[in-house]
Structures are given as structure tokens and as C-alpha cells.
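Order of writing sets the labels: A, B, C and D. Residues in every chain begin at 1.
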Amino acid sequence: MESFVPSQTIYEATLAILAQRNVSIRSIAEITKHLQDPYIPNLTIEMCEESIQHVLSKREVQNAILTGAELDMLAEKKLLSEPIQSIIESDESLYGVDEILALSILNIYGSIGYTNYGYIDKIKYGVLAELNNHSSKHVHTFMDDLVGAVAAAAASRLAHRHRTQLEEAASLANPPTP
Amino acid sequence: MESFVPSQTIYEATLAILAQRNVSIRSIAEITKHLQDPYIPNLTIEMCEESIQHVLSKREVQNAILTGAELDMLAEKKLLSEPIQSIIESDESLYGVDEILALSILNIYGSIGYTNYGYIDKIKYGVLAELNNHSSKHVHTFMDDLVGAVAAAAASRLAHRHRTQLEEAASLANPPTP
Amino acid sequence: MESFVPSQTIYEATLAILAQRNVSIRSIAEITKHLQDPYIPNLTIEMCEESIQHVLSKREVQNAILTGAELDMLAEKKLLSEPIQSIIESDESLYGVDEILALSILNIYGSIGYTNYGYIDKIKYGVLAELNNHSSKHVHTFMDDLVGAVAAAAASRLAHRHRTQLEEAASLANPPTP
Amino acid sequence: MESFVPSQTIYEATLAILAQRNVSIRSIAEITKHLQDPYIPNLTIEMCEESIQHVLSKREVQNAILTGAELDMLAEKKLLSEPIQSIIESDESLYGVDEILALSILNIYGSIGYTNYGYIDKIKYGVLAELNNHSSKHVHTFMDDLVGAVAAAAASRLAHRHRTQLEEAASLANPPTP
């Protein structure tokens, strides 16, 4: 039988790696709130945090974060071989594997998150600005894209759930005649 | 406020279009069973059908099926303009929008389904052989890829759930010491 | 032997459909120029137009444009069946097939274009604002995403070629010693 | 100005890593030939090798191969941190980042390659069987998917070019009347 790492271990490792890289759930939730505020009345930061917890519970999301953060940290310690060491360390503009891993996170919640991801990645909202500060000693080539994708995926999830609530409210206001 | 079609209407329309195009849930489930039989002991056709019902409840999956089936039916009635009419009607080998819609279904359940999708699409398993019978008067350029993707997505979902069950069983057999 | 529509016919149909939908190559080039101006000194609108012509010569791009524009036009004439008619006509926020077709255009030039696409789609730059004017009698649910993707793909192509030119210039300034 | 690794260096590193991991261009070409033999009369192994050389000249393809092979080699030397070390080393069935990198290669040549990739990955054709021999001391979790994707992308490229040749031949046989 195939041996495997328990799911709970992988989930906890994902939370640990985010903390280790100084990315709080709150800071990701602030991006999600910025994205969805115009569309969901009375959206709270707690609702955004809860949505992010759901996104982080998905195995595909964990795989992407663990893999990307590992490459960031290895590049930081100069433990990769060349030329991939220089490419990742310098956040080379023609290197797109970080965007590819980000997309694998977005896809779990469908294509409606593509636009939000591109937008916040471009304007470097909130914690994304810190992660993109290339003068720091840290390498966050993958982490900034992963965080942006988690925030956008959580926004997509909120959009789907908000629709469900609108429909339920409409149904209560106008019950179908028997 | 944006008006919108109720989710339930979209879900029911998806089931109706599959029935109208002569694709039964059972026939999709048979593909899923063929894919997962080697990996899940005692897998039943009912378990596969249930997994397919879950896949079909996702909005992204409904969007892909409704859009693809509409294009198939319009091509069948020769209601598209040229050259897209000829391209879709003849299932042109360099036309890849059908595979793109299929991928949007697979992505909801992650990348582990890509291989299964490609495999059954190539060997034309079960109902896929009928859908690919180009001598019929029907156009199924999109439907065969959509059905293959739904079957492969349901297989991915079963793989994830089987893992959860194995972990629960292992946990019961070896409870963590307090 | 499989019969097929000649490539030249498909290419010309793609240009014709853009013109018919009031999208000029120049207006797409203006988006591309806005995206690449900060990175490429002396970038001209003509260079952007040439890049867009290259993007439009790819079969995958033509497939996406012809399919998306066809659905827009059918929705405009109310010729689709329900519920897909209402979904496309109202540019439903949970419908993501337009973004999926856009991604298939971007992918031809790699993942570095995802961010640019999301950004301009969000800020509705230039012609995208006109295409998004939902008070017009036209349906551009697909066209705005397709145009944004073509513009972003052309920007990716320019980024790759600019790098090649920088490398050639560096090589001339510092010829390798024999 | 951004410093960068010269393109030629990245290309040569890609060829070197394939050789180092015992994957010859010829062995990839044999997969491509198997895939396209039914569709292209008189297809030679040299034509397949030439197509693979073109695929390997693309930056996105190089990025995927260098990144995936690096992770394979680090896992082989047990230099990754847990749990990603165990996940990659054991080629965990729920880990899909390898398929995601494979897809980024396929996408450069469009969606028509998805099916071919899934098929050969499933049947483990040729060199893919060796790479999947989990009893060896080598880790090829990424390499087998990357090789399959390069082979399928080269097949897509041959399909596009074969069409061009058919059209040119048809044009010579039936010249347009002036």
C-alpha cells in the first residue's frame, strides 16, 4: 500500500510556513476584503478570514504553497543549482512558474478569480507590497503570487456564497405559490 | 441590483441538456468506475454516480456544459456563421476550445485529473465511443470532451475521499497516545 | 481525408469579426502600449500593432475569438436557448467561460501575461471601457475578455523580444573573447 | 537595470539537465513519433527530434524543466524540508504540481495536446516507463510528466505544420484562378 503523509500534517505545515514567512491570515484577509467590499454589503474581516481558512484546507492549495515556499527558502539560502538559483533569487521577469502555481490555486474556485488575482498582483496591495520589496534579504518570488491567489480565491468563494444568500432571501420574500 | 438566473434553474438545465443529448449519469459513472476500479476496493457504480452528482452541482461545470452543448446543438442545426459552423460541425482537429472547456471542469478538482481525462478521451471509453461516432447526424464536438472531463473530475473527487477514509481507518487502528 | 477550412480563411474571418464588432487593431495596441511603456524605452504604437498581428495569426487565438464573438452575437440577437441566453446577455458575474477563453489566448505566450490581463480587465482600460458599457444594445461578454487577452499576450511577446534585443546589444558591447 | 541570466545559458542548462537525468532527445522523439504516426504519413524520428528541439527552445518550457528537475534532484538527495520531501520523494498520488508544470509546457502549443499528454502519461510509453520505475534510487516525480508534456507539445507542433503542408499542396494542385 502506498504510504502517505497525513492530511492534517500537510495542512498544519502550510499554516506554519505562512507564519514563518511572516504572512498572517489577517494580512491575506485584508486583500480579500479590499476586493469584495464593493460587492458584498457589511463584509467583515472575520468573514474574509474564514473564507481563507477554507481555501487553505484544500490539498491543491497546500501543494502549491509548500512547493513555492520551499523554492523561495532554498533560493534565500543559495542552495539551488544554477541557473535556477539566479532566476528565482532575482525574481526574473520572464520566469512564470510562480504565476503557474498561483493559477492552480485560483482554478479550484473557478475562472472568475483570474481578474482579481491579476489586479492585486499588479497594484501590490497590502502585504503584497512588503513581499515585493526586493531590497530585503528575503526571497518571495513565489510567496507574493501565492498569497495573491489565496486572497483572490477566497474572494471568489465569498462571491459564490453571497449569491446563495441573495437567492435564499429572495425565496423567503417571494415564496413559490403551491 | 444585478438580476440573475437562480442556481437551481441552471442546475436543472444542466441535467436536462445531458438527458436531451442522450448522456445518462449512469453512462458517465461507468467511465469513472473504469478509472478508479484499480485504486478503490469495492467501488460501486452508485458511489460513482453520487460523485458525478456532486461534480454537476458546481457552477463552473454547469457553465461549461451549457455553453458547449449549446454550440453543439447550434452546429447541428447549421445556425452558426462560417467558418465556426464548419469547424465545430466537422470536429476539426486543430480546434481546441472543447478541450479548454473540459479543462475548466477538471481544474475544480485539481490537476490530478488531467491524466485520466486524456486517457479516456484517447481510448474513447464507453459512451465516449458513441459520442465520437461522426457518421451520426449529431454533433458532439464539445459533449464528448465535457463528459470525459466530468468522469475524470468525479474520479479525482473519489481519490481525495478514499484517502480521507484510509486516514480515518488508520487513525482508529492506531489511536494517538494522549 | 479530413476536410478542413483553410487557415487563411480562418485568419481573415478573425480580422473581419473584430472589425464588425468595432474593435480596431489600433485600439488593442493602445492597451498593449499602456502595459509595456514602463519597461520598453521608445516603444511605438506601430510596434504594438505588429505584435498584435502576430498574436492574431495563431490558430488558438482565432478559435477563441471566433467562438466567443459568435456567442456574443447570438446572445445579442436572442438566438441562444435559456438559461445560457440570459447568462451571457447579462454578463453574469458567476459565468467564467469568457475568462477561460481569454486564458487560452494568454497561455500561448506563457504565464507572464496573467497579471497584465487581470489588471487591464479590472481597470477597463481604453476600448475595454466601451465594450463594458452595459447600457449599449450590444453584448460583449466575451469580446472584452478576448481583447484584453490579446493585448496582454502581445505585451508578453514584446517583453520576450525586448530581452533578446538587450542580450544582443550586450553581446556586441562585450564580445566574448576567443 | 534588471540583471538576467542569458537565454543561451538557460537553454544549454535545460539540455544538460535532461542529459544528466538520462533523458535523451531521441527517447522523447520516440514518444512523439508514436503519437503522430497514425496522422502523418512518412513521419521520421528526425522530424520528431527537430520538433522537440523547437519546443525546448521556449523559455516557458525551460523554466518548467529546470524547476521540476531541481525539485526531483533535491528530493533524491533528501535536501527538501518535510513534508514536501516525503511528498515528492514518494510521488504522492494527491500531489499535482508535476501535472501543473506539464500543462504549462503543453499550453504553449495549445489545448490540442492535452489528450496526448494524458494518454502517454497513463500508458507510460517508452522512456516514461523507466522514469516511473519507483524501485530505482532516482526520484523522477516531475521528470516523467515534463517529458510526456514535451513529447505531446512536439506532436501538437507537428500537427499544425502538417496542416500547413497539406494546404500548400492543395493550393499547388488547385491554384486560385486569377
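Keep in mind that, in the parts below, contacts are C-beta pairs under 8 Å (C-beta built on N, C-alpha and C of every residue); 3 or more make two chains touch, one makes a residue touch a chain.
A quick map from chain label to UniProt name: A, B, C, D = Phosphatidylglycerophosphatase A.
Nothing here was measured: the structure is a model prediction, and the numbers come from that model.
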item: Option reproducing the contacts of A-C, where over half of them reappear, out of B-C, B-D or A-B; value: B-D
item: Contact-richer chain pair (by C-beta pairs counted) among A-D and C-D; value: A-D
item: Length of the line joining the C-alpha centres of chain C and chain D, rounded to whole Å; value: 27
item: Numbers and ranges of chain A residues touching at least 2 other chains; value: 4, 59-60, 93-94, 96-97, 100, 103-104, 110-111, 160, 163
item: Residues on chain D engaged by chain C in the complex (per definition of touch); value: 4, 6-7, 58-60, 104, 107-108, 110-111, 160, 163-164, 167
item: Complex interface listing, chain D residues touching chain A; value: 2-5, 9-10, 13, 59-60, 63-64, 66-67, 70-71, 73-74, 79-84, 86-87, 90, 92-97, 100-101, 104
item: For the chain C and chain A complex, residues of the former touching the latter; value: 93-94, 96-97, 99-100, 102-103, 110-112, 114-119, 121-123, 159-160, 163
